[in-house]
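Written out below as structure tokens is the structure these notes cover.
We just call them A, B, C and D in the order they show up, numbering each chain from 1.
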Amino acid sequence: MRESEPEQRTWSGETPSGTVDTTENENILEMRNIAKAFPGVVANDHIDFDLRAGEIHSILGENGAGKTTLMNILYGLYRMDEGEILINGKQVSIESPRDAVSLGISMIHQFFTLVPGLPVIENVILGQEPTKGPFLDLKRAEKEVLELEGRFNLEVDLQAKPEQLTVGQKQKVEILKALYQGAKILVMDEPTSVLMPHEKEELMKTLRQMTAEGALSIIFITHKLPEAIAASDRITILRKGRKVDTVEAGKVNQKTLARKMVGREVLFRIAKSETEKGGKALEVRGLKAIDDTGKQTLKGVSLYVLEGEILGIAGVSGNGQEELVDVIMGLRPATAGEVLVKGRDTTNSSPGKIRGLGVGYIPEDRLGRGILSDMSLGENLVLGAHKKRPFAHRWLLPFENRWFTNQDQIHDHADSLIVEYGIDAPSPGKRARKLSGGNIQKLILAREFSMDFNILIADKPTSGLDVGSQEHIRRKLLEERERGKAILLISEDLDEITMMSDRIAVMYEGRIVSIVPVEETTKEEIGKMITGATRKEHPAVA
Amino acid sequence: MEQNDLRKWLVPIIFAAIILTAASIWMKPKPTEPEEESLKIGVVMWGHHDEGLWDPAAANAVLRLEEKYDLEITWAEEIVLTELESLLETLADTNDVVYLTTDEFEEACKTVAPKYSDVYWVQQYESKEISPDHFPDNVVVMNAYQANELSFWAGAIAAKITKTDKLGIVQAIPGPRDTRIMSAAFRSGAQHVNEDIETFRVVIGGYVDPIKTRDSVASLAEAGCDVVFVGMDDESGTLEAKERGIYSIQEYTDIASQYPDTIIGCTSWVWDVSLDRILDAIVNDRFDTFRAEHHEIPLTLEDRSLDIPTFGNMVPDDVKEFAEDLREQIIEGAVEILMIEEW
Amino acid sequence: MIPEAIISILSFFPVIGLAALGGFLSQKSGVWNLALEGMMAFGTFSGVFAYHYLGQSIWISLLFGFCTGFLWGILLSVLCVRFSLDQIVVGFGLWFITEGMAGYLYYTVLPSVRITKTMGPRILSLDPIFYLTLLSFALLYVVMRYTKQGLAVVATGENPKAADAAGINVHRVRFVCTALGSAFVGLAGSYLSLVILQGFTYKMVAGYGWTAFALILFGRWTTPGILFGSLFFTFLVGIQTRMQVAGIQFIPPEFVVVLPHIGVILALSLAGAVGKKAGMPATLGVHYERE
Amino acid sequence: MKWDPKLNPDEQQTRPLKDLIRSSLFIAATLLLTVSMIFFVSSLSLGLGFAEILGLFLSSSIGSFHSVLRTLARTTPILMSTLGLLVAFRSGVWNIGGEGQIVVGVVATTGICLFLDLPPFLTVLLALIASFLAGGAYAALAGFLRAKWDVNEVVVTMMQNFIALALLQYLIDGPWNWGVGLYPRTAMIPLETRLPFIISPLNSVFLIALILVYAIHVLLNKTVLGYEMRVMGDNQKVAFIHGIDTTFLTMLAMLVSGGICGLAGSGLVLGHFFRAQAGISGNYGFYAIAAAFIAGNRAALVPLSSLLIAFIYEGTLGLTALGLPHRLCEAIVGVIFIVVLLPKELGWLMGGQKDDT
């Protein structure tokens, strides 16, 4: 693990290649028509990207636009299908994070990679330890790190353990780590999404300072327009795996950016029939909750869903949608507020009870929360209904009970659903994990729809699926809506939201920015709102 | 399992197996000329015939008689009770005599022996006198229920040797009557010589545990004992005694020659005297009559089947003489030895 | 009397100490080693084996035991780290194999061996291995604490992702730790047969391997913790026998060996009850693959 | 701290027969390979012919009607404890404390049969129930710790094994000791409380075991409870989302699992030894883990796998008459144990890349 060191020294050292900022060719990094396809979806479609020495370059785009994929390629986590990467005009091949680090590229992930139990200082020097003889030279390390801290005012207590630090401090540690590794190019994936406002300001300052001397360039992945404009020198906009444009941050306003980001092309709308709305099926009042890191990500959300309507929650992920869904489903305690299902208070009651009231759930994390990967389709499809007739029967026993499963019924049930939902599987005995992503989603849909719910929580039901299954799933949702079901649709795809919803609630930083009927708004407006461009205080919805 | 990989691997494995099999079958077994007059005896033991102290006692007996009766010996070693019955049946199929070297095997013997009436069974027994119908007719019992006399004797000798008037006893397990009897008899023997002798006892909780055994002998030495009476199935006790420069008495087998300066003597259970008589009866086809009069053959000090064969260098002659006298007295019953069950 | 007693107690500390140390090393890097008992058993065999066939030298035999342990460790880590088989299952399999093989080989390829030589120069009537054990504990402590290798091991056990991102070869670290650890276990075994018993008896390990395993958990995966844990246990045994000599039976001898086991269950449950981390390496038993 | 054991599920619809045949072929080949290798060594060291050794191996395991019966008798405890462990494994809980639970069952049964004088029928019934409850409670403790405080159940059950063994040792050494002979063991249980032999040495406990096979198969594959268990074993999160009480279910699974192991112990006392003595559990609890994995965690295949192990056990037992130590058995089982885990990886050995599904 040491061999990376010499290269890295020469890179940062005084060899010709080190004279970065003085060469008239300022691009220290060029990525030429990078292409990367995952099964069913093209993540990067021949993207060009270049980075000048000492600039902050934002990559802007909705989730799924391909920003992260691009950066993972740069960092050696993915192999690109086509394209080439040049550093200082020299073509390089990046096989693994180690290569990237040795080339002076560091990446700070959205979720930090710190070793619990090790003090900050050792976390920082991990992998690049200065040694005196066989031992760590902690004194020297401390001197160097302190020097770094001083230069970019990243004050962190070097002896503290990661679990004692706040999120902001952890991020500082990550930055220190990158700097200590001798990073010339620093990739930051959604750095602000986990931070408190004041921490953000601090971060911005730090980034400015770091790039001021031109020794360091930063790639800043974000989907928040104001930050992009505030933080960066140039902005590259990606949409659906394609590069839209690269603009000077000074010369654009949020409106144009928003348009570039969400696109304008009209795509065909599914004919939405008018449905008569019923009463409030699901209502949420002043809901507050904290995420796993203990940060308050849900700051008082109030909304309701009528029977026979689809309420679309627009917003970029990480703005509190996950927590909202968790709380509604009873998977996460609410710190304040209440959840009403058909007028009945289900706040903090068990998932079983909530589902019992007829709440269906299409999770975002399909493998982790959706399916039983090692069990057969049939068994997957009865999950939840397995205690009810006809799947559970009294077998030979004289008295009434629900002890025994009825294999034939389960089998037939599965057969019919497989046909109805067009799941591509030879037989109900097939293991769920063998299915493709689209089919897994169909499987979950089939299961949730087959048990009669009147409220459905659909969390990004079409994300990461190919167009065919997307259409299929959307149709199904609309059908359910016409049957008078209430559907809460969380999605990042504005096209989908505008196409499906009756009303649109925009979530930004744990709050509902506004709730508007779909007719009274446009995609651009929503695009601005989800990126926090326009802060309209949301009307007092009871 | 992933079938395709499986299929890929079946072939080579089977090949390797076949080749190996062929190779092994190819090499001939050593020619073992069948001598029909040789008496086949299968010896069942829970340890190994050349290991520890309990099993060698029986094993040596068989080995000493090997030439005399031209025995063909099969050692069935390291036998756990869960396996016993199956094993006895396998042995009975191939042997004329089956020799069970501990009464731990008695139940199995009772169940299996009747099925193999043409096989002679020899059963070692330690605990108490038994009735003729306690075992089936083709079973003869060699019974060591008088072993407490031996311990008594040893205790007396130890009492003569000791300078500190402190004796140590390492007892394997606390429960069974006989282990307690040995310890108690040893103590009373010592006190028979000298009333104010102190005896200390350590219980290990198993027959083999070198670590604890050594530690206990050490602690006894620290307590001031200069003679320890070790009832374990390994020699670690004597090893420690040697290091501590104190004396030891090991049970069951005579290993005094290996530690002439440490071991005073070994309270050996010499099975070959009785075994000799039984085998003699068998080869001369008068087993049934023999069985009729001796359903059990007790081990005694008299015929030296309970004995301390060799004394260590540290034992002065007067003590040896004393030992002889005491032995006579015990045999005549001049000294009567109580069966003390409790420590 | 007192120092003498302490010395005699300490004289079998290496068996427990070395075994615990070995297991600890592999667990710290994130690999269960459930084959401790078996590897010790095989160590006892290989020690005697080497003594018989490689010129009757205790030191060479100990070294041999060390090496055989190393080999078993390599097998374990190939199966667990390279092949990502489940560590629990593989641990059990290896336990079966090693223990079986030890007994089997001894009685097929060896005559009954009696060790006549004793350990080399004694300091305070304790043989070098004892000091070697203490030394290796100290060394391990220093390495874990003050060297980049130690840093790498801890990082691998706690957060392999981070280690990987920092350019540490996770698999290699685990490989080395497991193999080396098992080597120490083998050493413990051969010490038991060569010095403590000076011979081989079946079932002579008598559960001390699992005791060592328990002591690792009881020491909460810290070097000092394990050192003191095993010292504490050794003294417990010693004190129990001495109490018996004094005529006091404060705990049945059968239970002494399993006291650490009970302690572990209590300790873990307590840690869980108060919601505190038991100090267990975060990814212990979890296989790591880069995505 | 927690991780899901990788368990092969029943694939009812995917040509079970072909699958079974293939895997059994694979195991057979492995067995042949291992055995012949070991016998090769032995024949070198002991100067015995291979044919001789193999012959004795086979004859003492399946050579005669009687030896077949013996093998079946040997199968009984392994089969029962394997079924027990299976329940836990399929529920995603690592219960490797089979040995300990067997021992607890032994203790309970012996205690009741020796120290309670009730009508024999009642005694036996009570003994069976008690052993089930004892073993179950013992395991459920680990289940509780795991479910409530997320304590690693592997460690707990493992430690419990040795604690239980120590308990047995203590009882048969001291309080319950027979008081005869040099060896730790209790007195025999009264004649009328012993279960009858079908044909000695095959005891009627074997029938209980067979019934259990079907019972467990039904429980796991045909009942709602078993379904929920398997759901939990597959994905605890999903189980929780769909309203399955995972805490309770974990404990219940452990209860059943440990209970059946306890029954196995009870069977050893009532049907084989009629007393408690050292080494009565004979490592069956550990062999059971191997058996469960060799059977790919399918209740229907467990009889085969435990039969296989019993076969090896008896075969190597015959070899002890040649002076080969019985430790052989452990070695062979261990090798098979690991090899049946390998196939996914063997591709890599062959130079092909391993497929990760």
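Going forward, a residue touches a chain if its C-beta (ideal position, glycine included) is under 8 Å from a C-beta of that chain, and two chains touch if they have at least 3 such contacts.
No experiment lies behind these values; they were computed from the predicted model shown.
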If we define chain centres by averaging CA atoms, which chain lands farthest from chain B? Would you check? A
Ranked by contact pairs, first place goes to B-D
Express in whole angstrom the distance between the two chain centres, defined as the mean CA positions of chain B and chain C. 34
Just curious, how far off is chain C from chain A if you go by their C-alpha centres, in Å? 45
Please compute the C-alpha centroid of chain A, do the same for chain D, then give the distance between them in whole Å. 47
Quick one: which residues in chain A touch 2 or more of the other chains? none
Among the residues of chain D, which are close enough to touch at least two other chains? 8, 169, 173-174, 323, 325, 327, 357
Provide the list of chain B residues touching at least two other chains, using ranges where the numbers run on. 77-78, 174, 205-206
Which chain B residues qualify as touching chain C in the complex? 47-48, 50-52, 77-78, 168, 174, 200-206, 208-212, 214-216, 218-220, 222-223, 233-236, 239, 258
Could you pull out which chain A residues touch chain D in their complex? 329, 331, 350-353, 355-356, 361, 363, 368-376, 379, 383-384, 386-387, 392, 395, 402-405, 407, 427-431, 433-434
For the complex, give me every residue of chain C touching chain A. 142, 146-148, 151-152, 154-155, 158-159, 161-169, 172, 282, 290-291
As the complex stands, chain C meets chain D at residues 32, 34, 79, 83-86, 88-90, 92-104, 106-109, 202, 207, 210, 213-214, 217, 252, 254-255, 257-258, 261-262, 264-265, 268-269, 271-273, 275, 278, 280, 282, 284-286
Residue numbers on chain D that touch chain A, as the complex places them: 7-9, 11-14, 222-225, 227-228, 230-231, 234-235, 237-238, 240-245, 357
